[in-house]
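Read from first to last, the chains carry the letters A, B, C and D; within each, the first residue is number 1.
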Amino acid sequence: MDKNVSANSKHRTVVLTMYCPDQRGIISAITRFLYENNGNILYLDQHVDNNEKVFFMRIEWDLNGFRIPSEEISNNFHSLANKFNMTWKIFFSWDVPNMAVFVSKLSHCLDDILARYNSGELNINIPLIISNHNDLQKTAEKFNIHFYCLTKNIKDKTDKENKEISLLTDSSVDFIVLARYMQVLSGDFIRKFENRIINIHHSFLPAFPGAKPYQAAFERGVKIIGATSHYVTEELDSGPIIEQDITHITHRDSVQDMIRKGRDLEKIVLSRAIYAHLSRKIMVYKNKTIVFS
Amino acid sequence: MDKNVSANSKHRTVVLTMYCPDQRGIISAITRFLYENNGNILYLDQHVDNNEKVFFMRIEWDLNGFRIPSEEISNNFHSLANKFNMTWKIFFSWDVPNMAVFVSKLSHCLDDILARYNSGELNINIPLIISNHNDLQKTAEKFNIHFYCLTKNIKDKTDKENKEISLLTDSSVDFIVLARYMQVLSGDFIRKFENRIINIHHSFLPAFPGAKPYQAAFERGVKIIGATSHYVTEELDSGPIIEQDITHITHRDSVQDMIRKGRDLEKIVLSRAIYAHLSRKIMVYKNKTIVFS
Amino acid sequence: MDKNVSANSKHRTVVLTMYCPDQRGIISAITRFLYENNGNILYLDQHVDNNEKVFFMRIEWDLNGFRIPSEEISNNFHSLANKFNMTWKIFFSWDVPNMAVFVSKLSHCLDDILARYNSGELNINIPLIISNHNDLQKTAEKFNIHFYCLTKNIKDKTDKENKEISLLTDSSVDFIVLARYMQVLSGDFIRKFENRIINIHHSFLPAFPGAKPYQAAFERGVKIIGATSHYVTEELDSGPIIEQDITHITHRDSVQDMIRKGRDLEKIVLSRAIYAHLSRKIMVYKNKTIVFS
Amino acid sequence: MDKNVSANSKHRTVVLTMYCPDQRGIISAITRFLYENNGNILYLDQHVDNNEKVFFMRIEWDLNGFRIPSEEISNNFHSLANKFNMTWKIFFSWDVPNMAVFVSKLSHCLDDILARYNSGELNINIPLIISNHNDLQKTAEKFNIHFYCLTKNIKDKTDKENKEISLLTDSSVDFIVLARYMQVLSGDFIRKFENRIINIHHSFLPAFPGAKPYQAAFERGVKIIGATSHYVTEELDSGPIIEQDITHITHRDSVQDMIRKGRDLEKIVLSRAIYAHLSRKIMVYKNKTIVFS
């Protein structure tokens, strides 16, 4: 399933994301490199972290008319990148990322992702869904996506994770979405997909991390509930935040009402994170994100 | 200054707020009491806390045509209240509450309160402003409000609080607003004004309690900042929440930007709490609020 | 498909919605009626329209212990209703409404409705989907719902609408949702389902009614886009508004970006309207709604 | 009153805003110009309007270490600007703009502006306030700002506007804020201050232009109310929109409630527009704005 190839082939672009120690002349050097090779800049976003003294940039240009063939861009950019001590990546518009979805029993986030996928809204492939329960197998089947049920216990967690990793590797998975996946992944697993596992947590972090945040929100008597999408790190619910949103509640809302209203928040906040990730608009530095608009 | 008397006298109303163990017949009994005395209900709001099995109601009626004189309503209502084991209060529209404001150095919340006060938006009197600094004395003078600067140190905190209490008592203060007052009040002080001290905290509680929440928000890399108005209890930033709101931020926002954007949140969220409080729309039960709309 | 019966049978409730000329004693009379028959009120919401001098109430009570059998409630309530000149309706929790969905080519609203339906979030049956195109037939099939493609032209519009009405009647459809249905229904059709056809319009009405609102929003240079759910009346996009929401945009957003961001708004705003409608929380008076919370 | 001079002198920066026909090499040329003169870029924001084929940029750099003296920057930039056919402006951080405020009877927007002004939040001078009523004269006096009451009638409108223009000219006013000024300015007046008059309209435009938008919103039964800040053009409430926001309302909100809730929206939306304008973050092209973040 590669539904976006034709759309992309008519407008071939490349995205460069980079960061380096802040210094004079970076933008000038990169834009000159593009100009001298007849590149037409479509978007340029930059950010200076004044505390860390780091410069970040995302630049997208049209390959139409660009003098360097796409397969040689990396080689040609190398010396410039080294001069400024850049950490950088290049993404081509025709490389459609492979996304795996991890789920448990709750369907709303998966349903939303699959509806977007099916309508062509998301420029991705979803080769497989992994779950620790089989409740959502039928949903996967509706969309003809492989579904693997891998229930873990304390003893076989490492074995099962290894099985998951080989499934992900076999499908060349680029990034993983935890769509209300109710399991903690091991540090080993997380390090294999550093900044490539997106989780949705059902509270406005850092408030109410861990289990049952709506119950905790109810008990505290808050007047807003929220959802947070973030990259997964070893410390639970503490990774770099991508996107957050909230909705207002009142004393009339029971825990069940919060869960109902929260579902809409969760799926929207998760989908915005997926969209930003696959649009190559997110950069991670230390425990924070730059999300270009 | 009693600017709202004339407005109220043409439309004299009374508000009853009550709660009691949930049981059948409460609404019927109260509305019958009003009907039999020719009362015209203007608003009726009720709420059942299904966890605590407690019934809450706020009912406002027109005194125009009501057969019981205002000064005898309490006496007449007593037996009904006792029958249902109610905790209850009665407020007359012509009783304009006296509000004290506590400030430190930051002006934006006080400025906003005084502008609303001066324009007649708030049906209150502000007999005095108390501060631990004299920075805002001129602001108080502009509006002809008494300003008392009481700087506290560890030794004289109790003395100064006693002085504050006598000032508040002398002015018959009904409730206190901490408009970015950077001091912790003692338990003794707080108990004297239980559920009558409104604080504004510059985060979406329970995230980032205590000092420097914007700095903490910046360090965590959140994508929203918030403000919370709540009644003050002995445990810092843990009292019953009245109102919360947030605004979205991005990686571009420095701590200074958050402080700037947060000011608008703080003053709006505080003013909504003040408005709800003086409209007698807030009821407190345990550590949560019912805020009728 | 009647998945909610078991859930409802354990907690059998009844909802009464009524309005009548505002006058003293209405709440007292109704709550007394309930109390004398041992009814336990679960929710009571009331509203007085001071311009129209009309009183509105929605009251929900537990049938557990209520002395009047459900099938006799209407008869018993009649004389009271007449006394106050009420317009009223009664809904039982075990009567699951039948909802039809009308669609054209766009899938996002239908996808969202069906995901909610499939997960049991919505206490409804969906016996059929009607479209003027066959693009979404497969989606209907995934959920085993009858799909009827009725393409209309100027000549056969009345015939096709009659066919639609007989399909709806055969399935005992209670209300209709236009999930981005790109056709104008006739006045005859609309009158048959007065205040029972919910439409989603992709703008914050009354701005940008009619076709291509995102294009119009782009051209005007607005900084927000919105969505509006409303009951359909003969005048296009002018019926009673149920729910509205917006999202912020910037100069960077193209029409395509607006369409993408708008999809999320549309499906959420539509689903809130459906939820309020089937919860019997909406009352319509003249061209406005009361939506109890 | 020039309270920001000292703050600015320690960090002297310059902002260049420019637009020109879109073409390759613009960013490269400008950033090279800065780099070769040892300029350190603090912010760079750019936008391409793909419909109009116009490129927009705002670039801010540090004058500390920049080799061209500030008074010669314009001359030095000229040839580059001409080569790309730029429309451009340069702003120095120590040039504090002079802002005039026009008011009528309503105080909330003026109160908010003056509180921000007094606290040093706004890097502006306010040399004068002009009104067609004298209600707010005392407010102006509190802040020691000249207040001119110029009541216009049909006959003397031109004379009074000429008087206003001479007052504005005498005070070297850079831009004007209409803080709920209830008068229509003539085309001649507006052209003298093209894209330099900011108005706040109390609706989410293009809905409810003209008089009494809250009344119109009430009658239409909308579920949101809004405010819009925009530059004034000859066509009423139709100029380039700078900022919009909304708040949710319900059937319970009377016109008076909308007015009360709308006040907070209006002052916040207006203040954001003022902040963006004086930060030189707004560019106007045809009837739309680019507002850099």
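Observations, loosely collected:
Criterion: a contact is a pair of C-beta atoms (placed from the backbone, for glycine too) under 8 Å apart; a residue touches a chain by one contact, two chains touch by 3 or more.
Please read these numbers as outputs of a predicted model, since none were measured by experiment.
Contacts with subunit C and subunit D are shared by A, B.
Relative to subunit A, the most remote chain by averaged C-alpha coordinates is B. Subunit B has its Cα centroid 43 Å from the Cα centroid of subunit A. Each chain gets one centre point, the mean of its Cα atoms, and the points for subunit B and subunit D are 36 Å apart. Among the residues of subunit B, those touching two or more other chains are numbered 250, 252, 293.
Within the complex formed with subunit D, the subunit C residues making contact are 47, 49-50, 204-208, 220-224, 226, 240-246, 248, 250-252, 254, 287-291, 293. By the touch criterion given at the top, residues 107-108, 111-112, 115-116, 118-119, 121, 142, 250, 252, 260, 263-264, 268, 271, 293 of subunit C touch subunit A in their complex. Those residues of subunit A whose C-beta lies close enough to touch subunit D in the complex are 24-25, 27-29, 31-32, 34-35, 38-44, 46, 48, 293.
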